[in-house]
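The structure under discussion is supplied below as structure tokens; questions concerning it will follow.
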Amino acid sequence: MDSFCILFRKAPYGTIVAAEGLRHLIAAAGMMAARAILLDDGVYLAKRGQEPGDSGWINLSQTLEKALADCRADPSCQLHVYVHEGSLKERNLDPAVLVSGVELADDDQVATVIAEARRMLIF
Amino acid sequence: MSKVLLMIASSPRSMEAQRAFHLARTLHTQRRTVSVVLLQDAVLAAVGNGPAQDPDGLAMLVPRGVSVYVCEHDLTLRGFAPDMIGGAQSVNDQRIVDLMVADDTRTFGCF
Amino acid sequence: MEPEGPASHKTLTIFLAATPYAGEQASTAIRLARAAINAGHRVSIFASADGVYGFTVGHRAKGLPNAETGFGDLIARGAHVELCGSCLATRGLKRESLLPGADPSSLEKLFRLIRESDVLLTLGE
Amino acid sequence: MSKVLLMIASSPRSMEAQRAFHLARTLHTQRRTVSVVLLQDAVLAAVGNGPAQDPDGLAMLVPRGVSVYVCEHDLTLRGFAPDMIGGAQSVNDQRIVDLMVADDTRTFGCF
Amino acid sequence: MDSFCILFRKAPYGTIVAAEGLRHLIAAAGMMAARAILLDDGVYLAKRGQEPGDSGWINLSQTLEKALADCRADPSCQLHVYVHEGSLKERNLDPAVLVSGVELADDDQVATVIAEARRMLIF
Amino acid sequence: MEPEGPASHKTLTIFLAATPYAGEQASTAIRLARAAINAGHRVSIFASADGVYGFTVGHRAKGLPNAETGFGDLIARGAHVELCGSCLATRGLKRESLLPGADPSSLEKLFRLIRESDVLLTLGE
């Protein structure tokens, strides 16, 4: 029950915040049970098909997807990424456009994940 | 079930503060004991905002039994007197720390 | 549940991601850290991303709080400060430009700090 | 009366972007020729937001004759194809500069 | 008609932005016809009675009020500070709580001041 | 109305108040400045507040655009860059840590730049 949680609230690229959250999530997953919640503009982090091209950015949704896949392949790794359904709906985003491995969560589930977290970083 | 303390620092109308207010309501609905500390620009939520101005915000939390604490330093800095707030309590830094580290409290923030 | 220590010996970790002059975040970190130390708690500050700019030297702030003075004072009072090392490298900040007592660190050390803390507070943009 | 070009970079739901959308409507009501360029997170206003989702935002500008241009670079970076937008035009950096420096245009931004 | 304009959109102190806008407004007023618009959270900049105490901040609303008074005393100075009525009303702020010298403006006037500006800085 | 020059010789001034790694603002400034220069326009960048951090040297950015490289390239292509002098002092940034071609300036010079420009664009937080 007592897990570490990272909250993603902002869209990727426009601010560094989502990229920073992702960097911390990946590091946390290697060390402890980690959960992430993507809500409000944070849901855009999981949008598949991002194309940084020669911008210098890494592809953030692909990095998230790879972290989830790597974790599934490692029995000791405990990582869950929840995407807030209400935020998707408000933005007219179909869950089908998200990278694989993320889980949907409603208001109630989001609040429960937060309340169960022993500590939370907010991005 | 432990108590939850939400620390809010963003402007009341920002997505970040609105999300924190919404989360406080949901946690309260889940029958958890929820308190809120307002810091920085978030203290503006405690002045002049009746329910009519902000139906989803702070004003609905106080009547539901959510304790709302407002950083006195940040209120007076912005030109508001500590006695301007209805249903919320103005607190100094020491009291904010006491709230944050209280036993059985999970502190999350700043939103 | 982890055992809770007596109220007088909690550990507060502040994760600071805002620049020293972005607004009130550095002041908030300094004020809360000072109040916590005054109450006998342990305080750690981990500066990340643009937060590392706060721990350079030579600031001459006018009309707004001098972050260097505030952070230096906290370190003198026993606050523990670590800075995200890769964030320093990204920004070209070298060790000799840093406030004494504010040392480059790593994500691994951050999560060790977080695990050892009772309260974790993020102060970002 | 010169044309007005508003450059918007903030997230569509932010106070900053909402203010710019509102300003565009008011300028349009004043019978000025208004265009909008969406950059950075503001490009998200051009994807998936029907009038039902955002009655006061971008979706109401296009039908009123406000030209809306969307930065192609920032759209594709975020995983959206240029053809996903209804009523708006995706543009490259060169075209954005042309719009900004066009004769008789007053460019204001970024909101 | 062709004036320089500064837009204030954020609350003072929480971010540096309002203080920066004010610094630029005062400098601009010494060099050209300058107008400022306070709207959204920017209206809080003009709230009287700010008390920085020993925080290290200057009193921003007092600084604004003094700049307006100094300008009235100087016939060559052209400075107008408009406060958006709608933003005050939304925040339940009475115009009586504002420092002296500012002028109220409605949506239409705000849009006109902006459209008439030759160039605008946004804070 | 001031006389408008031919479309091919406008002056664009970018007022940059965001840190180089706050997000996309520095990249936007660089991309638009580059496009403007390519089209034959003059470009000035005035960095203010946290924007001055973008014009220091030694950045080692990974996974996000390197602002130093971008700004250095712009200066090489003829972009004119000025930095708010008091903002540098506030932050303890000394001349020797600055990108060559990015010089400390003043509010007076900023408003001279603004008066001489056809388009003024703010890129802030």
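Note that the chains take the letters A, B, C, D, E and F in the order they are written out, and that residue 1 is the start of every chain.
The rule is simple: a contact is a pair of C-beta atoms (placed from the backbone, for glycine too) under 8 Å apart; a residue touches a chain by one contact, two chains touch by 3 or more.
It should be emphasised that the depicted structure is a prediction, and the values quoted were computed from it without experimental measurement.
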| item | value |
| --- | --- |
| Number of hops, subunit C to subunit D, where each hop joins two touching chains | 2 |
| Mutual neighbours - chains that touch subunit B and subunit F alike | A, C, D, E |
| Between the pairs B-C and A-B, the one where more C-beta pairs touch | B-C |
| Residue-number overlap at the subunit C/subunit F interface, same or different (half cut) | same |
| Angle, in degrees to the nearest 5, of the Cα rotation that carries subunit A onto subunit E | 180 |
| Computed distance of Cα centres, subunit C from subunit A, in Å | 25 |
| Between subunit E and subunit C, distance of the C-alpha-averaged centres to the nearest whole Å | 34 |
| Junction residues of subunit D, two or more chains touched | 9, 11, 13, 15, 40-41, 73-74, 109-110 |
| Sequence positions of subunit C contacting 2 or more other chains | 21-24, 49-50, 61, 64, 119-120, 122, 124-125 |
| Multi-chain contact residues (two or more partners), subunit A | 13-17, 40-41, 55, 57, 118, 120, 122 |
| Topology of the chain contact graph, where touching chains are joined (line, ring, star, complete, other) | other |
| Chain-chain contacts as defined at top | A-B, A-C, A-D, A-F, B-C, B-D, B-E, C-E, C-F, D-E, D-F, E-F |
| Residue numbers on subunit C that touch subunit A, as the complex places them | 1-2, 15, 17, 48-50, 107-108, 110-111, 114-115, 117, 119-120, 122, 124-125 |
| Complex contact set, residues of subunit E against subunit F | 2, 4, 15-17, 20, 23-24, 27-28, 31-32, 118-123 |
| Residue ranges of subunit B in contact with subunit C within the complex | 7, 9, 39-41, 73-74, 92-94, 96-98, 100-104, 107, 109-110 |
| Of all residues in subunit B, those that touch subunit E in their complex | 9, 11, 13, 40-41, 44, 47-50, 53, 73-74, 76-81 |
| Residue ranges of subunit F touching subunit C (in the complex, touch as defined) | 19-22, 49-50, 53, 56-62, 64, 68, 86, 89-94, 97, 125 |
